[in-house]
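We just call them A, B, C, D, E and F in the order they show up, numbering each chain from 1.
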Amino acid sequence: MVREDGRKNEQVREIKIHENFNIHAEGSVLIECGNTKVICTATITDKVPMFLKNTGKGWVTAEYSMLPRATEDRSPREAAKGKLSGRTMEIQRLIGRSLRSAVDLYKLGEYLITIDCDVIQADGGTRTTSITGGYIALAFAIKKMLKEKMINKNPLISNVASISVGLIKGVPMVDLKYSEDSSADVDMNVVMNGNEEYIEIQGTGEEATYTRDELNKLLDLAGNAIKEIINLQNNVIGDIR
Amino acid sequence: MVREDGRKNEQVREIKIHENFNIHAEGSVLIECGNTKVICTATITDKVPMFLKNTGKGWVTAEYSMLPRATEDRSPREAAKGKLSGRTMEIQRLIGRSLRSAVDLYKLGEYLITIDCDVIQADGGTRTTSITGGYIALAFAIKKMLKEKMINKNPLISNVASISVGLIKGVPMVDLKYSEDSSADVDMNVVMNGNEEYIEIQGTGEEATYTRDELNKLLDLAGNAIKEIINLQNNVIGDIR
Amino acid sequence: MVREDGRKNEQVREIKIHENFNIHAEGSVLIECGNTKVICTATITDKVPMFLKNTGKGWVTAEYSMLPRATEDRSPREAAKGKLSGRTMEIQRLIGRSLRSAVDLYKLGEYLITIDCDVIQADGGTRTTSITGGYIALAFAIKKMLKEKMINKNPLISNVASISVGLIKGVPMVDLKYSEDSSADVDMNVVMNGNEEYIEIQGTGEEATYTRDELNKLLDLAGNAIKEIINLQNNVIGDIR
Amino acid sequence: MVREDGRKNEQVREIKIHENFNIHAEGSVLIECGNTKVICTATITDKVPMFLKNTGKGWVTAEYSMLPRATEDRSPREAAKGKLSGRTMEIQRLIGRSLRSAVDLYKLGEYLITIDCDVIQADGGTRTTSITGGYIALAFAIKKMLKEKMINKNPLISNVASISVGLIKGVPMVDLKYSEDSSADVDMNVVMNGNEEYIEIQGTGEEATYTRDELNKLLDLAGNAIKEIINLQNNVIGDIR
Amino acid sequence: MVREDGRKNEQVREIKIHENFNIHAEGSVLIECGNTKVICTATITDKVPMFLKNTGKGWVTAEYSMLPRATEDRSPREAAKGKLSGRTMEIQRLIGRSLRSAVDLYKLGEYLITIDCDVIQADGGTRTTSITGGYIALAFAIKKMLKEKMINKNPLISNVASISVGLIKGVPMVDLKYSEDSSADVDMNVVMNGNEEYIEIQGTGEEATYTRDELNKLLDLAGNAIKEIINLQNNVIGDIR
Amino acid sequence: MVREDGRKNEQVREIKIHENFNIHAEGSVLIECGNTKVICTATITDKVPMFLKNTGKGWVTAEYSMLPRATEDRSPREAAKGKLSGRTMEIQRLIGRSLRSAVDLYKLGEYLITIDCDVIQADGGTRTTSITGGYIALAFAIKKMLKEKMINKNPLISNVASISVGLIKGVPMVDLKYSEDSSADVDMNVVMNGNEEYIEIQGTGEEATYTRDELNKLLDLAGNAIKEIINLQNNVIGDIR
C-alpha cells in the first residue's frame, strides 16, 4: 500500500519552522507540518493561578483554537457559539500538561507562561504540531527570561515533542494527514521527551480495537519520528543559557 | 510498600453491583468500587443524531456528572456555573467512545442509547467505574430491546470494561483510590474488551514521565484486572438473546 | 374513589430514612417517600454570603437537582443546557427559605450550611421530600458542630417538614404521587414547624380555582401529615445537644 | 400603629389605570398602584408552544422585568448578566399561571397571547400589580380579537386580580409598600377571580412563622381588597363581546 | 415629495420632555420625539471602573434597551436570550462616548454616572433621542451633585444632542421616523455640542453610497436641527451652578 | 511634527498582499499594512439567511477576530469568555455592511459569502485593513464562481476599500498606527468605492470634538489614500469575467 502523498509508512511530512513570527510575543513560531500550519506564541506574565500564589512555583498553560476556515468546510467560531467544544478543551488540556512536563516549575518561579496555539490551516496532526511548535515558543520565552535576568537558571528539563500514529486497514503509519486520519481504525497521539520517555499516550480505537502487538508497532514508529523532530527543534532553538 | 487500605499492588477494590436500581430506566445499575459509587442508567429513544438520520445506523452516547458533595470538599454544580468543565467533557467523550465500540451500530438500527453516569460518591476511578457499570446498563437495555422485539439480533460485540493503573514512587499499582491517585506520578486509564484487545489507553505523566518498560508493567496489571471485572459483569448480565 | 395505590385520602406514602448515606458530608440522608428518592447532604463552610460578612450571623442555603433519568422520560441536564430552569430555581429558593426558618442564624454564627437535594428517582413530592430530608441532614450537621465545639448552643428552633396536598376531581388528598399530581386541579405545598405553625403555603389552581372551604380541608390534611412526619424525623435525629 | 403613608391596615393604595398606553400592542395599560408603575402589553401571535400544535388549544404566557433604576438602588440588567434571576422566573411563572386561569384556552383557539409586564418604577407589590394590570391588557386584546373576528366567543372566564397582604409586628395589613414589605414577618400574595375563588396563594414566613388564625385574617383582608380592584378593572374594560 | 406625516424635509418631529419622571433616580426624564418615547435615568455611584481607581478621574457610561413591545412586532428580550445583540452594544457604546464628551471627567472626580435609556415606544431615532434625553438626565444629576456639595465646580463642558438625517430617493431629510428609516438609502446619525462641533458622525450607505456633496447637505440639515434641540434642552435644564 | 515612523501625514504604510494564502478557502489573502497582518478568507455556501430564502437574493457577511497575542499585551479569547465583545460585533457589522455594498445581491443569487478576517498581528487599522483585504478575498471567490459557472454575470459593482484618518494634536494624518491611534483626539474610519463615493463614515471625538473644517481635511486625506489602495487591489485581482 502506497500512501496518498507517496510517503513511506514511517515517514513524517516535511516540517518547516519560521521563528519569531510575531513582533509582540516573548516567544513565537509558525510551524508547518505538510499543510498543517500553526502559530504558537508564548506570553510571560507574573499572574500565576490562585493555587500557586506565594508557593514559589510557576505554571505553564496552553490554549488552542482553529480559524474557522482552517478546515475544508468552514466551522462556526466557538466565540460566536459562546462556548468551547469538548474537543478544544481536551486538546488544550493535553498541550498544557505536555509542556508543563518540560519545565521545572520551581526553577521557573512565580511566572505564568501561556502558549497560544492557533491553527491557521489544518490537514491532520494539529494537536501534535501544536505541542512540537509550542515547545519551541516556550524555549524562546525561557531564553528571553534568562537573558533579561528574570530567572537565573534554565528551568527546561528536556525537549517535548509529539506525533500521531495510526492503523489504517491494519497497517501502522506515522503522521496521518487528514484524509488518512478520517479513515484510520486506531488513532494514537504520543508525546515524548528527549530521553525516549513517555509524557502522554492517547490511543483510541474508533469503533475498532487494537492488540498488544499492534500497540508495540505504533510505539516504535512514534519513538523514531519524535527523535527526528527533537533534532529539528534543537537546530532552531540553539543553546539555552 | 503496603497500600493504605492493605491491598496488594495487583488487587482491585471490592466491586458491588446493584441491578435495576431505577424503576424508570430501560437499563440501570448502582455500581460500587470501594467507596466510589456510580448510578448508571440507559435510556432508549428513536432520536439518533442528525448525521445518522436515514442511515440505518444507531448511536450510543454518554453523560457524566458528580453530585456536588460526591467529593471530600463540595464542588459547585456545573449547572449553576452554566457550563461543563473540560474534565467532564473529556470523561463523557471517553465513556461514549468506549461503549460505542461494544456495539454493532448497524445491528442496533436507528436508536439512540444514552448512558447517564452519575457519581454519588467519589474515591478515585470514577471514569473507569462508569465505563464498567455503563456497559452493564447498556446490556440490560439491549436485553429489553430484544425481548420487546425492537431489534432482532444482539448488537453487542463484546464486553467493555475499564480500570486505572498508575506508578506511585515508581511502583506499578492497579485501581488507585483517590489518595493514591493524587500522589501518583503516572496515571493511566485502560479500556479493553473481552478479547484482551485495547479500546482506549490514556496514560499521563503528571509532571513526570514513564519508560517503555514501565508502560508494559502497567498494561499487564490492567489486563489482568479487566479480565476479572468482565467475569463480574457477565455474572450480573446473564445470557443475552 | 380509591387511590391508584390503594391509599386512603389522608394517608402518606411509606417514608424510609437511610442516615449517613455519604462518607464525605457533615450530615446526610437518603430519604424515600414511596418511589421518590432524594439524597440530602449538608456541607458546612465558613464562607457566608457577602452581605453577612462580619455580622455574626450565619446562613442556610439549598440547591436542588434531578438526575436526568429520575423521571419517566429522560430530561436533559441543566448543566448541558447551560442554565437552571425556572422550576429548579423556584424549588431551591423554597427549600432554602424553609430550612432557614428552622435555625437561629445568630446562634449559628458566621457559618454557611449548604443543603444539596439530589433527586435520584422521582414520583411526585420531590420538593416536599427534599425539605423533610434536608432538615434531617441539617440537624446532623448541627449535631456535629456542637460535638466538635464549633458552636456552643443548639441553633435549631424547631423541626421543619413539608407535604403536598391537592384536589383531585374535587376530593382533597394528601401526598400526591406523580400520576395524581398531573391530574390534580389544585396543588398545594405546605411547610410547617413542630408548633403547628406555617412557614410557607403555596397553593396553585392549575387552570382551576378553589374555595375558602376547600382550602381549609387541604390545610387540615397537611397539618396532620406533617405532625406524623416530624415524629419520624425526631426518631432518626435523636437528642441534639 | 399608623402606617407610614397614613393608610388604614385594610386600605389599598390609589390605583390609576392609563389605557392604550402603547400604539403597537394589541392591548396595553400603564397601571399605577401608589408609586409602583407597570407597563403591561398584550401581544397576539399564532405561534403556540410546540406541545399545543394542532390541539386547537391556545396559551397565555407572561414575562416580567424591572428597569434598572425602577428601584431605589440601581440593579444591573439581567440582559447584561446573561441570565434571568430566580426571582424574575418565579414571578413571570406566577403571572402566566394566574392569567391562564382567566381564559378558556380551547375557546381562545391556537393563539399565543404574551403579556409583558415591565416595571418602570417600583415601590412594593410589583407582581400583584402586574397581574391586575396584565388582566386588563389581556381583556383589551380579547376584545380586539372578537372585533376583528379572529375568534367568535369570548374566552374569558372571570376577572383575575391580585394583592399582597402581610404581618408587620403581628398586625395584618394589605398592599404593602416597599418599606413595609422589607420589615414584614410574613408576606403573602393572593390571586383571586371574580367569584371569590383562589387561583394562587403564596404565603412565606421570612425567618418567621404564622398561625392558622393569622392566615385567616390575611385572607379576609385580601378578599376584600380584590373585590374592590375587580370593580376598577371592569370600569376600564367595559363590555366584552 | 411630501413626507408621510406632512413634515417638511428640514422639520424635526415635536419633542416633549417630562422632567423628574422617576422618584428614585438622581436625574431623570421621559423624552418623546414624535411616537418615540425613551425613559432616561442617571444614577450616581462612587464605583468608577477599575482602570480609573485612584486617578481622580470619573466616568460616564450608558446602557440602552427596548421593551419587547416597543416595536411594531414584539422582539424577544435580550435577558431571555442571554446576551446583548450587536445592535444594542453598538448603540450603548455610542451613547456613552457621546455623553462622556459633555463632561470634564477630572472635574467630576471619582464618580460613575450611569445613564439608562429605556425605549418604551419606538418609531425611529431611538439612539439619537436617547442621547438628547440622556444629556438632560445627566445635567439634572450634576445639578444635584453641585447642590449636595458632592462636587464644587460644574464639570459640564457643553450640551450634547443628536439627530438622524438620511437620503430617501436622493432627497436629504431630517429626523427619520421608522417607516422612512427603513426605506432610506443613506442613514446618518450626527452628535454635536453647543459650539457646532462634531462629537460623532456615523453615516452608512445601506446597499447604497453617497457623494461628498450629499454628505454636505446632510450635515447642514443636522446642524440646524441640533441647534434647535439644544435650545429645548436648556429650557428644561435651567441654570447649572 | 514628524511621525514616529518617519512617514508624512498623507502617507499610507506599505501594503503587502499575499494571495491564495489558504488551500481550503474559495478566496483568500494575507494582507499586511505595516505591522498589521490580517488573514481574510471567503467561504461560499448556498445557505442564505432565513429572511432571504426563495427571494433570489444572496448575502455577504463578515466575522472578525484577533488572535490573543496579536496585541502588545495578550487579550483573553472571546471564546473562553463565552461572548463577543461590543467592539468585535461593531467591527464585524461594519465589515459586512461595507462589503455587501460592493455586490449586486440579486446578481449573486441565493449564495452566502462569509468573509472571515482574522488579525494575526495588530498595529492599528485592523478594521480598515480587514475591509480592504476582505474585498480581495471576495473578488477571488466571485472569480471562482464565474469560472465554475455557479453564476453567469459578475455581481461586483465596484471596489471597496477603507482607511483610517485622525487628528493628532490638531494635525490631520492618514493611516494611524497603534501608538498614534491611542493618542488621537479624533479617529475616523472611511469606507469608499471606486467612484469616490462614501459607503461609511465613522468619526469619533474621543473626549474631544472636531469642526466642519477639520472634517473636510480628514475626508480629503482619506479620499486620496483610498484611490491608491484601490489601484493595489486591482493589480492583485486582475480581470474579472
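To be clear about the criterion, contacts are C-beta pairs under 8 Å (C-beta built on N, C-alpha and C of every residue); 3 or more make two chains touch, one makes a residue touch a chain.
Worth saying up front: this structure is predicted, and the values here are computed from it rather than measured.
Under the touch definition stated at the top, chain C and chain F share no contacting partner at all. Separation of chain D from chain F in touch steps, taking the shortest path, is 2. Most remote chain with respect to chain A, judged by CA-atom centres, is D.
Taking shared numbers over all numbers used, the chain B to chain C interface scores over half, which places it in the same class. Put simply, the chain farthest from chain C by mean CA position is F. Distance between chain C and chain D, defined via averaged C-alpha coordinates, is recorded as 28 Å.
Centre-to-centre, using mean CA coordinates, chain B is 60 Å away from chain E.
Taking the mean of the C-alpha atoms as each chain's centre, chain C and chain E sit 51 Å apart. The residues of chain C that reach two or more other chains are 82-84, listed in rising order.
Those residues of chain E lying in contact with chain D across their complex are 22-25, 28, 35, 39, 41, 43, 45, 63, 65, 67-72, 74, 77-80, 82-84, 88, 114, 116, 118, 120-121. Against chain A, in their complex, chain B makes its touches with residues 83-84, 86, 89-90, 92-93, 97, 100-101, 105, 193, 195-212, 215, 219.
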